[in-house]
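First chain written, first letter: the chains are A, B, C and D, and each begins at residue 1.
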Amino acid sequence: MIRLLLPLAALVLLAVLPALVSEYGLGLLIGAATYVTLASAWALFSGQTHYVSLATVAFYGTGAYAVAVLNEALPYPAVLLCAALAGAAMALAVGLSTLRLSGVYFVIFSFGLAELVRQLITWYEVNVTGTLGRYIFLDVTARGIYWQMLALGAATIALSAWIGRGRLGMALRVIGDDEEVAAHSGINLARSKLAAFVLSAVILTLAGAITSPRYVYVEPSIVFNPTVSFLTVIMALLGGANRLWGPALGAVPLFLAFEWLSAHFPDTYPVLLGLLFIGVVFLVPQGILPAAEKLLRRRAEA
Amino acid sequence: MLTTTLILGLVLGGSYALLALGLTLQYGIARIMNLAYGEVALAAAFIAVALFQGLGIPPLVSLPGVAAAGYGAGWLLYQLMMRPLVARSGGGGRLETDSILATFGLLFLLQGVLLTAFGADFTSISYLDRGISILGVPVAANRLVAFGICVLAGGALVAALRFTRWGLSLRAVALAPGAAPLVGIDVNRVARQGFALGAALAATAGASISMYQTFSATGGVVFTMKALVIVIMGGVGNVPGALAAGFALGLIETFVATAIDPGLTLAATFALFLGVLLWRPQGLFGART
Amino acid sequence: MKGISRRALLRAGPVGMAAAMALAAGAQADDATVKIGYAVARTGPNATGAGITTIPNYELWVDTVNKAGGLAMPDGKRRMIEVVEYDNRSSNEDLVRAIERLVSQDKVDLILPPWGTGANLAIAPLMARFGYPQLAVTAVTDKAPDFAARWERSFWMLGGGHDYAAGLVDVLSQARDAGTINAKVAVVSVADGFGIDLISGARPAFEAAGFELAYDKSYPLGTSDFAAIMSEAQASGADSFVAFSYPPGSFGMTRTAQTMGYNPAVFYVSVGGAFPIYPGVADGREEGVMAIGGVDAGSPAIRDYFARHEAFAGKAPDSWASAVTYASLEMLEQAVARAGLEHGALAKELSEGTFETVVGEVKLEDNQLRDLWWVGQWQGGAFRAVGPSGREGASAPVIPKPDW
Amino acid sequence: MSLLEIIGAEKRFGGLRAVDGVSFSLGRGEIAGLLGPNGSGKTTLINLVSGALPLSAGEIRLGGRRISGLGRDRIARAGVARTFQLVRILPSLSLRENVMVPAVFGRKAHWGRAAERVADAALELAGLSARAALRASELTYIDQKRLELARALAAEPELLLLDEWLAGLNPTELAEGVALIRRLQGEGLAILMVEHILDAVRALCPRVVVMNSGRLIADEATEAALSDPKVIAAYLGEEADA
């Protein structure tokens, strides 16, 4: 009961928070909520299966772009729906063709995917529509964006929890441990991976769609900013990618740390980011949460 | 028209192949997919330019020194950063993911260092800019030099791998890292050499790029992507494959640009990359077993 | 390396929330400072453009004003400028948040815009909501009139792609009518918002002026090898080569043309052609190359500005957007002196006033700067404006361009 | 009717015929040994039956239904479970979770309590009940082997493929292992076991199938096969057909 009530209470608290903070505070909340959502959605697929995806921004950017294309033609909910569908379709196509690639090839592919999508959209816009750069004039306030992102983040974590307790979650954990065993135990590898990949991609796409009104102007080189992919991975890994609350736990402090760094060390920000990334890989490869669990267990045993 | 396409394509392909050699070596022998590869090349390019502009040492003269420095830097990098990861993974598949994530961090680190050291401006020098006519097709001398370096470095590397004892031990580690110690090969040493040699090749490529291309501190990822495409096409870890794939890519891009539409060159590159990844992950040119 | 000195200079002082309070506070300086904030790209892909055009000018201006005792107020007092600076990491998300931070946390008096069209558009609704005037300099957009109407306190100062295309066609038409070039043009354009804007403006303009587009292709952003494109353009038989390009491309095409001995009567590149590094790229053979932008290189104000910029930043400014950027800051300075810091009055003054700047006397039309140079040309070591030809200070274009 | 029918199975790797026209069948509840020198194609055959490798030619049927050409997971759900030559466990999961996996995704697709019951029964059978909550990576080698067998059992298969499951055990463990396999067979499971430990084969299998260079060279009673000159020649490394 507590396990359910506590998050719900926290959610209510987070929902009323905008009334108490400044515009900048709200901006911080939006950023934190966005990265919690991204990292949790990323972990939904990559955290369990260990298929490290560097393609977060391919979906995130697609969401933003879908809104830019459709925002004048359709009502807002329909735009979101279309964005989600576009993300799902893309994830299906990509998943069907690449999820049988193993380890390093999948990482490389996902590394190139954002670039590929960007090239395709650019080529399409230049050759078919003859314009590049679109505008989003939607009457969505910063608070509206925050509430939507908060809802999406909460839904992502709830969905992860639900999946984790079900067959799909078990299948994904087994796949992450040993695909061979998984297949010979009767797990349909392709279907399980695809389901998780598509779900994760839809959330990533929706996150991009929800934040896009803050950009106003959208161009492939703006929305497919690879830093988003990198930050998502490092946040999820830091917290513990195969734990329910791990990504959220990694996202919030890192996001705040980056904000602080960019204000105080604008010139050396990439150096610090790089060092942080290397530090995470070396010092807490499994993430903070599993490391803490281990420590606690050891203490209990001692 | 065909001669022009052919010559321009081959020259372009030479610079691509040179760029990819080091990456394929690093992955093939040391099992490390180095995403910061482009930044290493870029650092060498900046150093070559600084030597040229500051001390008047032309890139061709400083190239051996830059390559040697690249070897040293690669050696250090392997020892300090990669070795602990290798030890931790115990030969399992975890090294691939770990090294990708670690070199990912390295990418940012190096980019940041380049930004603070050299600024965000475009950098470009004029060196051996003269056109030289080849079968009536004017080609920049510096491109020809890069082409020559590629043929030399690639040829030497292929020969060394095939005909020397040292090359044999490198190939042994590449093929069967688990079995190599049984025949008295120090895997750690060979992997370190492979990684360092890859870094030296990256530096060589970077120094030759500085002769003919405008670059800036944020452009390393572009080099990495290009090299990755070639490495995948040639078969990961396959040196002759990377050479062939580099030339093939140069020819294809030039052909697409002249015969179809320059707007599709990058799309063609990525389509190829995708196609190869999906249908022949072992690369176009022979399988590594 | 020209980049090094500026960076070194930057690091010498405290970074971040650098209180750029010069020691030479004049006797009449008020104790209160004027807080001016900006969030420009220090890192990421936009850092290059911002580092050339935006940041040096902001720093030069703040330095100049503070050395003079501070920003003059309507009551005659002077107040020192205190700078609050953030890195927007070339990400619009971070940029938007930085603006919110400047407004609600730092409560700055004025905000200077970031570099780039997309970045300026991203902050426009926020600036409008908070009521801050926005002097969008480095934003090239054909929709500037719409935006100026949509956000009343926004000012658009660099024209749109169609303006530059039309300006170029104008210069070429005159040369063709004079019989110096034929009616064929070879055009290449970068596949990106800017290149597309220019080419979509240029196509009809060229056709209306009776030109034939003998070669017309776009190439992807990130292309580094132009040998194939240039040899196709050369084979097209056009006397004029026009590239709607970005810096690495502009530079690459220049050098490729040189090595292959391609000598069209008109050689035009876009962004990058007016950069101070261009003569170096062209190996000292830049004479006659045309490019986007231009300055009235003979005017004393520009000469003085170039000298001050070089002394302060260690390099000359670019000859397109830099001068306009600096001019926008001078406008701000004068508007504050007349109307004070209250945003409504300030915006009204910016919109209606007339200002003395390095680019001459400036008066905005419908919140846009329309008195701009569309085409420039390297002549005798300086990048001089040649179009519009009727405007005061325009140099006569040299066509055909001397061989490389 | 036979449970498993292998009809003209063939597997080529490039020019190499790893399995070359092998045919035999196995009845319900029958246990048979699969013998042959190293590289004779035994493990390849196990991989063909379990679907880890596709056939180049021929057909494999289970209970009259064609299973060759199906994916590994569908063959598993059809009732085939296997162990691996090099033991494979799910290191980050608990023992109980390890064993629940095939119960959940296998033939009967149990969930919740039912899956737990099946898993607990399999752990009990393998003698691992007391450590059900332990992480699998913390087990010793023999216990990992036990776990692997328990996992195969939890799938409630009709056919169990054992690939040198007894290899590497000490004499005491070996005796336990033999007893365990005998119990399984007693419960009506058909078992095909690749094994080099001939004493264990003698003890467990009335019948053996012998392969050499990808071909079937003997399919007869164990004692007869082990004194068959062809089989002895194959094991001594001589050309069987010479």
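The working rule: contacts are C-beta pairs under 8 Å (C-beta built on N, C-alpha and C of every residue); 3 or more make two chains touch, one makes a residue touch a chain.
These figures come from a predicted structure and were not determined experimentally.
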Neighbouring chains common to chain B and chain C, by label: A
Which of A-C and A-D has more C-beta contact pairs: A-C
Where chain A and chain D are represented by their mean Cα positions, the distance between them in whole Å: 42
Whole-Å separation of chain centres (CA-atom averages), chain A against chain C: 36
Approximate Å spacing (C-alpha centroids) for the pair chain A, chain B: 32
Separation of mean Cα positions, chain D and chain C [Å, integer]: 74
Residue numbers of chain D (touch at least two other chains): none
Interface hub residues of chain B, defined as touching at least two other chains: 112, 115-116, 263, 266-267
Chain C, residues touching no fewer than two other chains: 7, 11, 43-45, 191, 218, 220
Chain-level touch network, classified as line, ring, star, complete or other: other
Pairwise chain contacts, counting only pairs that touch as defined: A-B, A-C, A-D, B-C
Residues on chain B engaged by chain C in the complex (per definition of touch): 4-5, 8-9, 11-12, 49-50, 53-54, 112, 115-126, 129-131, 137-141, 143, 212-216, 218-219, 222, 253-254, 257-258, 261-263, 265-267
Residues of chain B touching chain A in the complex: 33, 35, 81, 84-85, 88, 93, 96-98, 100-102, 104-113, 115-116, 221, 225, 228-229, 232, 236, 263-264, 266-267, 270, 273-274, 277-278, 281
Residue ranges of chain D touching chain A (in the complex, touch as defined): 50-52, 71-74, 76-77, 81-82, 84, 88-93, 97, 100-102, 104-107, 111, 151, 155
Of all residues in chain A, those that touch chain B in their complex: 50, 52, 54, 97-98, 101, 103-105, 107-109, 111-112, 115-116, 119-120, 123, 126-127, 226, 230, 233-234, 237, 267-282, 285
For the chain C and chain B complex, residues of the former touching the latter: 1-4, 6-7, 11, 43-45, 47-48, 50-52, 188, 191, 217-220, 222-225, 227-229, 231-232, 247-248, 251-252, 255-256, 258-261, 272, 275, 277, 280-281, 283
